[in-house]
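Two complexes come next, and they have one chain in common, subunit A, joined by subunit B in the first and subunit C in the second.
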Partner chain A sequence: MRPANIWQIGRLTLCEWTRKKVFYMFFIVALAFFGLAFTLNFFNLGPQARFTMDLSLTAMGLFTAILSLGLSLSAIPQDLENKTAWCLLSRPVSRFDYLCGKFLGTVLLILIILSILTVELVVVTFLKENRLHWTILQAGLLLWVESLVLTAVVLTFSLPFSPPMNAAFSSFVYAVGHLSSTYIQALSQESRNVAGGIPVLLLKLALPQLQYFDLKSAVVQGYPVPLGYTGEAVLYGLLYALMVLLLGELLLSRKDL
Partner chain B sequence: MRILILSLALFFTCAPFTCGSSFGQAPDARETPRPHSTESLEEELEHQMEGKGHKEVHGERDFFWMEYQRQPWRNPQEQRRMLKILLAWLILDAILVLYVFFIRKVRVRGKVP
Partner chain C sequence: MAALEIRNLSKTYRSPGRKPFTALRDLSLAVPEGGIYGFLGPNGAGKSTTIKILVGLIRKTGGEAYVLGRPAEDLTSHQEMGYLPEVSTYYPYLTCRELLDFYCSFFGLSRRKRVSRIGETLALTGLTSKTDTPVRELSKGMQQRLGIAQAVIHDPPLLILDEPTAALDPLIQKEVRDIILKFRDQGKTIFFSSHRLTEVEYICDRVAVLHEGRLLLEGRLAELLEGPSPDCDVTFSAEEGEIWDRWRNSGVPVARITASPQTFQARFPQKEIKQRVSEILSSRGSLLSVTPVRRNLEDLFVKMIAEASHETG
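Right after this comes the complex of A and B.
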């Protein structure tokens, strides 16, 4: 593993993504949505700022998920189809470097876009309420960490599965990962006496706990989130993404190119 | 363009269902005390975490309140659980790193061509 190789492939991937125009459209729509959200008048109920923050953070989460899914879904299959992966791998570049490079390029693009959207939301909230909501920055950071996990999962799934199957499996992981512990607890209680208990338990342990990255209610209710918690969640996301990438490397090393 | 239209349609369909916290289901704890409750929330939470199911307090089944209290950034029990999961992933990662970068390399190098 060479960090210089990973950085170069990541830079190339980032350049490749910036040439795709459809994502600029997404970005501009999201930017305009956040900016205009405060001009909407929700029946003059009063807590407009809360509602708008909730809506904006939900939009950010969905936008990040769509972006990481849309970008990483075709990243490796497209390279294999265009045979650009062969040119790269014929040089002294290991397959793990290639996988990590693709991952790095994708998450860098998401980081750039999320930073702009988060700063915009902080500024717009400040202009409306005259106080800074620092929790929005933490929520933005954790959304990015969530995108790390999702990108790693989609990239790894793109090795054994075709893009449509990959999209279905990754969406499932995203949806189940967001189920809160209450629902999983209820599921495991219901299936305690039957053979279904073991799959539920495995599901609970193996799938990413994406609700750890959801600070929406903290932002909306105005509660401070401890920095220790944010650190733990970031560490969890990094460890999970690393594990999935290592599994991806095992799959890629056995793949017949 | 088709993807864009589809995503926007999906977003505007799903957004009202996903924005739960500002629709009054989870009230601000500082402003709205839990009605008719004499027991501490922690006690009730522990009861539920032990797998005994939801405890009825004065016949009131406020699921959304419980859900709000179980937010991991807010609940120490969820944070302890998170630490355990973190430790498990750390061990798993260490094993995988050892396998991918050391054990497998040695095995490949030791093979007779």
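Right after this comes the complex of A and C.
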């Protein structure tokens, strides 16, 4: 693994997206949506404002998930299809560098978009309530960490699966990832013995615990979120994404291009 | 040390739901350093498969492959090798300069060195005027030249080119050939696959011919084409209706040279020449030339492939 290679490939991936016009359309629509949501309720305080905040964060979460999926679904298949990967991988670039580069470019792009949306949200709430909501920044950060996990999953799934299959599987992982702790809690309550406990534990390890990254209710209710929690969630997300990428490397290194 | 060395290389493609297909069987080959090496074979012979194993894009299923003394799977061997794929698109949204800078960025060159390499390479491949043109606006011939530029951008001692002149017009074919010759003069080793036998004959020092994944023939071109030729071409002029009619009616391979009236050409085995020449002279014709037919690669290639296909049924 060479960080410099990963950086170069990441930069190229980022550049690829920013030179596509469709990307700006997408972006402007998202900005406009948030702008609209807030100006409509600009002078409302209380429950209505909470509702708007909830809606905005939900929309942001979905938007991030769709972005991760949309950006990474065909990133590698397309490179293999039109053979742009051939020239790249005939250089001293390992397949892991390539995978990580694609990952880096995608999550950097999401970072830029999410930062703009998060800052917009912070500024608008500041204008409205005259106080800074730091938890919004934490919520934004964790949404980005969630996108790391999702992007890694979609990129890795794109190696064995076709894009439609990948979209289905990844959406499934996203949905189950958000439900998993509730579900697993229920499961582990049912199977208290060791024999039943191991599969439950494995399931818990295999599926990403995505609601770890969900700070919506804390932001809406106005609870502070301890930094320790955020740090833990970031660490979990990073490790999970890394594991998935390592699995991807295993698949990619066996592939005949 | 050989630039490329392949020992008992084999490759079987396996994909789920389909019968395994063996594209290479027990191929052994050594490409010496320096010079141009032509890698020939009909469609589907396994040329691209061999090349892709050498550049690390696909995995061999048996044998060994070395690039400049290091195993082909070893990433460090990629440091000193340039590769032009058989088909490929380059990132359409980058300009030629950006594309070359990207490909150059994996070799640890300084910024200054990179800038100067990009300038030199664009000049060498005749793309200087396209430096800031996006790749998607280049014609096919320019894209092919850009392909060569990306292969040599880091000034590697070894070039592996998969059909560098395929689908190009004769003028650009010649340009690409001239570029390849320039690299040879710089002391690089060039290993390239091709179907164009005249081109190969013109520029290669050595050739290998592959057929159905096996090596049919390998050696120095001069040696392969050497040896007394059994035939001569006789050019003569004669009155219409004289010897021309007589020979044509008796099945002698004689043809009129359309460009000049009453001039004919016939091909005879060497041992018949004396008798045929006296025939021409005795029927008041005049002899213009007798030239031995040079063995050429195309005849050799066609003969070898025909024999090999015959053997395998």
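By definition in this document, the second predicted complex is superposed on the first by the 228 of 257 C-alpha atoms of A that agree within 3 Å, B and C clash if a C-alpha of one lies under 4 Å from a C-alpha of the other, contacts with A are read in each partner's own complex, and residues count from 1 in each chain.
Keep this in mind: a residue touches a chain if its C-beta (ideal position, glycine included) is under 8 Å from a C-beta of that chain, and two chains touch if they have at least 3 such contacts.
Only a predicted model underlies this, so the values are computations on that prediction, with no experimental measurement involved.
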item	value
Simultaneous placement of subunit C and subunit B on subunit A, clash or fit	fit
When both partners are placed on the shared chain, which of subunit B and subunit C touches more of subunit A	B
First, second, both or neither for A:Leu215, with subunit B first and subunit C second	first
Partner chain in contact with A:Gln8 - subunit B first, subunit C second, else both or neither	second
Three-chain overlay, vertex subunit A: subunit B-subunit C angle, C-alpha, nearest 10 degrees	140
Which of subunit B and subunit C A:Phe26 touches, first, second, both or neither	first
Overlay on shared chain A, then closest C-alpha pair between subunit B and subunit C (Å)	5
Common ground on subunit A, meaning residues reached by subunit C in one complex and by subunit B in the other	none
Residues of subunit B touching subunit A in the complex	1, 3-4, 7-8, 10-11, 14-15, 18-19, 21-22, 26, 28-29, 48, 51, 53, 66-68, 70-74, 78-79, 81-83, 85-86, 88-90, 92-93, 96-97, 100-101
Contact set on subunit C toward subunit A in their complex	13, 52, 55-59, 75-76, 78-79, 81, 83, 85, 87-91, 93-94, 102-103, 105-108, 147, 150
Contacting residues of subunit A [partner subunit B, same complex]	1, 22, 25-26, 29, 47, 50-51, 53-55, 58-59, 62, 66, 70, 96, 180-182, 185, 189, 205, 209, 211-212, 215-218, 220-223, 225-226, 229, 232-233, 235-236, 239-240, 242-243, 246-247, 249-250
List of subunit A residues in touch with subunit C within their complex	4-5, 8, 12, 15-16, 19-20, 82-84, 86-94, 254, 256-257
